[in-house]
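Just so it is clear, A, B, C, D, E and F label the chains in written order, and each chain counts residues from 1 on its own.
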Amino acid sequence: MTVPPLPRLMFETQVRHALLEDLGRAGDITTDAIIPPTETAKTALVARKAGVVAGLDVALLAFQLVDPTIKVQIEKPDGSRLAKHDAIATISGSVRGILTAERVALNFIGHLSGVASATRNVVDAVAGTKARIICTRKTIPGLRNLQKYAVRVGGGFNHRFGLDDAVLIKDNHIAAAGGIKPAVERARAVIGHLVKIELEVDTLDQLAEALEHGVDAVLLDNMDAPTLRRAVAMVAGRAVTEASGRITRETVPEIAAAGVDLISSGWITHSAPILDLGLDIA
Amino acid sequence: MTVPPLPRLMFETQVRHALLEDLGRAGDITTDAIIPPTETAKTALVARKAGVVAGLDVALLAFQLVDPTIKVQIEKPDGSRLAKHDAIATISGSVRGILTAERVALNFIGHLSGVASATRNVVDAVAGTKARIICTRKTIPGLRNLQKYAVRVGGGFNHRFGLDDAVLIKDNHIAAAGGIKPAVERARAVIGHLVKIELEVDTLDQLAEALEHGVDAVLLDNMDAPTLRRAVAMVAGRAVTEASGRITRETVPEIAAAGVDLISSGWITHSAPILDLGLDIA
Amino acid sequence: MTVPPLPRLMFETQVRHALLEDLGRAGDITTDAIIPPTETAKTALVARKAGVVAGLDVALLAFQLVDPTIKVQIEKPDGSRLAKHDAIATISGSVRGILTAERVALNFIGHLSGVASATRNVVDAVAGTKARIICTRKTIPGLRNLQKYAVRVGGGFNHRFGLDDAVLIKDNHIAAAGGIKPAVERARAVIGHLVKIELEVDTLDQLAEALEHGVDAVLLDNMDAPTLRRAVAMVAGRAVTEASGRITRETVPEIAAAGVDLISSGWITHSAPILDLGLDIA
Amino acid sequence: MTVPPLPRLMFETQVRHALLEDLGRAGDITTDAIIPPTETAKTALVARKAGVVAGLDVALLAFQLVDPTIKVQIEKPDGSRLAKHDAIATISGSVRGILTAERVALNFIGHLSGVASATRNVVDAVAGTKARIICTRKTIPGLRNLQKYAVRVGGGFNHRFGLDDAVLIKDNHIAAAGGIKPAVERARAVIGHLVKIELEVDTLDQLAEALEHGVDAVLLDNMDAPTLRRAVAMVAGRAVTEASGRITRETVPEIAAAGVDLISSGWITHSAPILDLGLDIA
Amino acid sequence: MTVPPLPRLMFETQVRHALLEDLGRAGDITTDAIIPPTETAKTALVARKAGVVAGLDVALLAFQLVDPTIKVQIEKPDGSRLAKHDAIATISGSVRGILTAERVALNFIGHLSGVASATRNVVDAVAGTKARIICTRKTIPGLRNLQKYAVRVGGGFNHRFGLDDAVLIKDNHIAAAGGIKPAVERARAVIGHLVKIELEVDTLDQLAEALEHGVDAVLLDNMDAPTLRRAVAMVAGRAVTEASGRITRETVPEIAAAGVDLISSGWITHSAPILDLGLDIA
Amino acid sequence: MTVPPLPRLMFETQVRHALLEDLGRAGDITTDAIIPPTETAKTALVARKAGVVAGLDVALLAFQLVDPTIKVQIEKPDGSRLAKHDAIATISGSVRGILTAERVALNFIGHLSGVASATRNVVDAVAGTKARIICTRKTIPGLRNLQKYAVRVGGGFNHRFGLDDAVLIKDNHIAAAGGIKPAVERARAVIGHLVKIELEVDTLDQLAEALEHGVDAVLLDNMDAPTLRRAVAMVAGRAVTEASGRITRETVPEIAAAGVDLISSGWITHSAPILDLGLDIA
């Protein structure tokens, strides 16, 4: 099954805001001045580089909010691998509407495809291992739901969506609680039965202690591959293992080979460059 | 004079949305479970890499919206060049509040400092020439005002903020109008007296035609350095010259040396990686 | 540790909306006409029935948004058990402000204390067993975060906050998937590593099948106490057990005695009567 | 004529908020994982208890906002009396959309039907008298317009919608003004010509004084039936009489028999239990 | 007692929107470029024409939202009659903040004082009669609450605030109902006990019929003074009489002299010119 | 080419707010009580005075948001000159919907047509000269985009839309900067290449100084016609000339005859009376 789309109401406000951010108080004064209202065209959304497309529904909503009569035909749905010059969709209708919405549409789909492509790139690098690539809460403010969606489209999985959907105990929590044990116990005492606990450890000693307290997952922070390998051995299936820190396209295969279940990357959401896409008028 | 700050009401909604995006419906369940409400700490916002800081007011608002009693002392105001390990600000008060707001604050300041650092990097590369580095409308949806601010903080200048504050005539407009002349005339006939006209040209022939019609600026798209040099000579001060396309840290000095007034980069807003910052509890 | 408060920004919008809903376009025309602006008073928020208080921060924000100079002193913080006539807080300042905000403040705290009191009532009924009382997604539209908070204040725990923070497979899902096995497998294939799976079963046969597939929790729907007892024995600690359906103050002790881990009640959020509170001017 | 429906724009924001409250940042992860996008079904909205239905438009909007292709056929419009097992509406279309919107739709219609049913129950108890049952401003925050609508659907009438649409002088106003006379005079001096004045009285002496000042209505607070009977006789048609306090299904016939025009109940809005409704997939 | 102020939360959203409408995406680029951040000044809000001031709180909030350290001292509170050159308030603090907020502040207070002044002008013209001047629903979209407040400040009274706070039966309603009688009866059957009924009549025959059905008020539309006089005599105190149509400063004394209770004017809200106010830097 | 329409999303929020402002919490209680839901009618939007129509799309959206089945046929599109009694559009459908939306629709179109008519009136008065009539930032809060649009429809042009789209240096800026020269230099140093600079001058000496610094436009404030004539001669085409202050229908021809390029009027936006329009049921 392909990645299920988000319902439109989950991103409509974001698209409206982005359009108003661009239209300002006077609208597209260039297009309004120059393009006759009756002029129509057929345009192609085209990849200028190879990658993975994500965010078609979001981009297309931009066109439809500016002019509901614009028609769209999708050639490469979200998740498709794109070669340079591939046509992703055909957008036809009023030239005014198309040009007015173009930049916002491209900003969304370029960014989200950038996230999907970056994700896919890392996912491909660990193909053949059991490691899943996951994203973090290091996202662009205002776009978390869409970025997390793009990660899924790129073949990745999602870590927490926010502070409220799982417990993640970090060094500061442990320090303030006076140790791993009280930290875990306090969390376990109050959380719901569908909430899991993950604990960040920096050393194998901490890992040993964490395992005593039965956490669901351990975040193995900034460990090199040999250490990760030993950590995985120590865990021996008693918890999900997540490696984080220093993840790059180059280092990730070695980390995956260490046997961890998950490798988390902030970079795929906070720093992925856009995928270059353009709109060609036929 | 340093770059003037944006009034808080220009970004308060964005910070509130970002916090609610992270807090969800239950808030920071880890911190709430583990950290006693009375626990306080002094923390330092620290650079983990060299760069330029931008967005301190935005980040600090995140802390204050979560807990108005949190105190902040700024060491390196927006625009400061940071060395690795530099302390940017001291944030002290309730540990609960600090940990709850931390990620949103870092997401804002990391991203905006990334934009400022990327900008500064390119600006430095053209030092000694007259070329200004400018940003585009290729921004992250929802963050245009903040990204444009970060560009200024990084030493760059701003191109249009939206479709409504200047005329920029592109190839599609020219094609639909039936030529450069009618396109410019239609625009000039309706715009306000404080609105300028820029025209995109791909060739020197187009440039010659554009100059006949007295536009305020010409966007020289995807020209190599020798062609740019000839274009600048043709323009001879009659219009502002902007080079765009294929701008990288490596190519930009040569482009600047061609004598253009402006070099625009989409990359500094749509693809700048974050500047890595962290919060260290003392 | 007492139940941690929600940060103000998590409910400020709700309080503003509720005030504007009551103030309409002309404000409190009775008070404005009759009460001189300089008149001040000291008032006591008093329980008219016994119960558990919840929502003091929410109610107090209503007063402060109408008049920031109103002073509040809390006598019985959230979670306190109230006897009839107990004073919960003292609110003093402008009579105009107090009377204008009174109804909205009471509507919030009366409702939330009603939820907390209903929860506490059921929690007390299962004291001495291991059963926790949990709430559902059957909440009043617009108040889910606050109602879930009130449940915690009343000694209960929270089930899912929304459709997105855990998998709960119900009969319709099983039917559409063609069985328990494919349903569980499809879910497991895509969810994040901190997301748990609960499965609803109506019969012990279904339970047996569910246990084969290793779900984290089972929702034992509408089973009588003897059946629940057999279900708990079958589960034998391999999953968390949740009983739901037909839960009342009268039936809940028997259900708890069956040995389930959790008993979920929609009634404590969708149908709890308010706790009667009033504001007495001294 | 049946109760006129509210225009959709009067509740669309509430439905959108409720859906987003449930969908969170990831949407319906269970349904998305398990149900194929092409699966369709026909479902029936069915009463699980007897009562009066209210809020169909609101509930149906929830389905349509999640998936505009979902089709609805109404069998029992708002105001219909329902027997257990009655089918209220048929909802057909995408199973994904139906399951995703189901809980929000049921939360609205269950709550509003609960209000309508509670109202109808009291209205029926006073059948044959002239007494009308009216609601108060003791409503659930954020739902006042919808609850007031549900009261009308249940056969009740509406008291004030907010602080701004009529004058209601209570004991605190009288005390601050220094008596009934100055309170009424101050109000009359400033209100619009379409604004009525009601005055709350606790004793027959106060009532006598109120009648001297020509108020439009008197709120007879917490009086027993014999006192109410004497009050009605004293009023002798010179003002509308409203009884309030201690209203239950048991006491209300006696109160109505005392001859009052109106009986107000906070309970029907602040504490009405939901009407149990469910969605059965055919 | 002076006209009670509106609570800030009743207009804060409007002021925020107006500021953002003016600040756009870049803020006050002129002031930011030219005025040093440390520069302070003392300025006087001064009347450039005679009139009545209204909206000080609204205007001052604009300054405070831009810069909370700006200090204000009010010399002429809302409702004061202003002579040309009168100082209304002193605003002191950061020059940047003052200049940035100036136009929005003046737009609010100039408009609202214009409404108050226009109202006062008509009110003065009927001094010595019993006629009250009232406004209508013909208001500027988005400003109804503030315009209605300004009318009160100018000595006028308010007609309906919206479609929902009283019944006003017009010619189209009568036509659709098939006569005055069924129209009034249908309304009376469903409205709340604090809702009044007004009926518009164009002729004395209609008036006679209206009076038979006991409406609370009659709107005598577009009648000349002699006809109004006869209408008032016919009514003989059985209903409130409102004259509307063709109201000007010149005609209003004659209309008032006809003995009507109310004279409504759309002009004072939909067409009142602003009161010219300015900000002088000392 | 006619004035291009604004995309619906640029004013939809304003129309929704205006409708909710009028509908309040109970909706149109008069129409709902009296008009049967099945009643339909055909109505004509008619000019009651001569003028220029503006805002049809805005008004029609009001009808469609209340009832999407209402049909509209436009006879006189925006910009048409209207004679008294001219039919502007036919609106047909549910009487309930039409009457409920009528006032909001008329408030928008009456106001915007008032602005367009006032503008056209002044524009006609300068016909035959080169002077353009332009509006200012003295607009009604919340309506700037729509008022600016109405000015264009009336044949005028737009000055700045906000503080951020051009530099306008006024006396306070000059005073704070210590002269015209530093003020202009500071602005030029930081603005974008598409941002123009205008400078306000009160005397010819100031004008001389301004011209030395090469500003794009000069605002000649409150000069009489002979002085304006000398100013235009001094400028000699080196800057755009704008006259402002004391602009009336009577004085404007003389000012235009002085040879200025632009004449700005605050009155056409802040004080234009509405154009009287009505809805006649056929």
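Assume a residue touches a chain if its C-beta (ideal position, glycine included) is under 8 Å from a C-beta of that chain, and two chains touch if they have at least 3 such contacts.
Because the structure is predicted, anything quoted here is derived from the model rather than measured.
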Label of the chain whose CA centroid is most distant from the centroid of chain A: E
Copy-to-copy rotation for chain A and chain F - C-alpha atoms, rounded to a multiple of 5°: 120
Copy pair chain C, chain E: interface residue numbering same or different (half cut): different
Chain D and chain E, separation of their C-alpha mean positions in angstrom: 33
Mean-CA-position distance for chain C and chain B (Å): 44
Centre distance in Å when chain A and chain E are each reduced to the mean of their C-alpha atoms: 52
Multi-chain contact sites of chain B, meaning residues that touch two or more partners: 1, 21, 23-27, 32-33, 36, 100, 144-145, 158, 161-162, 164-165, 186, 190, 195
Category of the chain touch graph - line, ring, star, complete, other: complete
Sites on chain E touched by chain B in the complex: 16, 19-20, 23-27, 32-33, 36-37, 65-67, 96, 100
For the chain E and chain F complex, residues of the former touching the latter: 14-15, 17-18, 21-36, 39, 41, 95, 99-100, 103-104, 106-108, 110-111, 114, 137-145, 161-165, 167-170, 172-173, 175-177, 182-183, 186-187, 189-191, 195, 267, 270-274, 281
In the complex, chain E residues that touch chain A: 21, 24-25
List of chain F residues in touch with chain B within their complex: 1, 132, 134, 152, 157-161, 164-166, 186, 190-196, 198, 216-217, 240, 242, 261-262
Partner chain B, residues of chain C touching it in the complex: 1, 4, 6-7, 9-10, 144-145, 148, 158, 161-162, 165
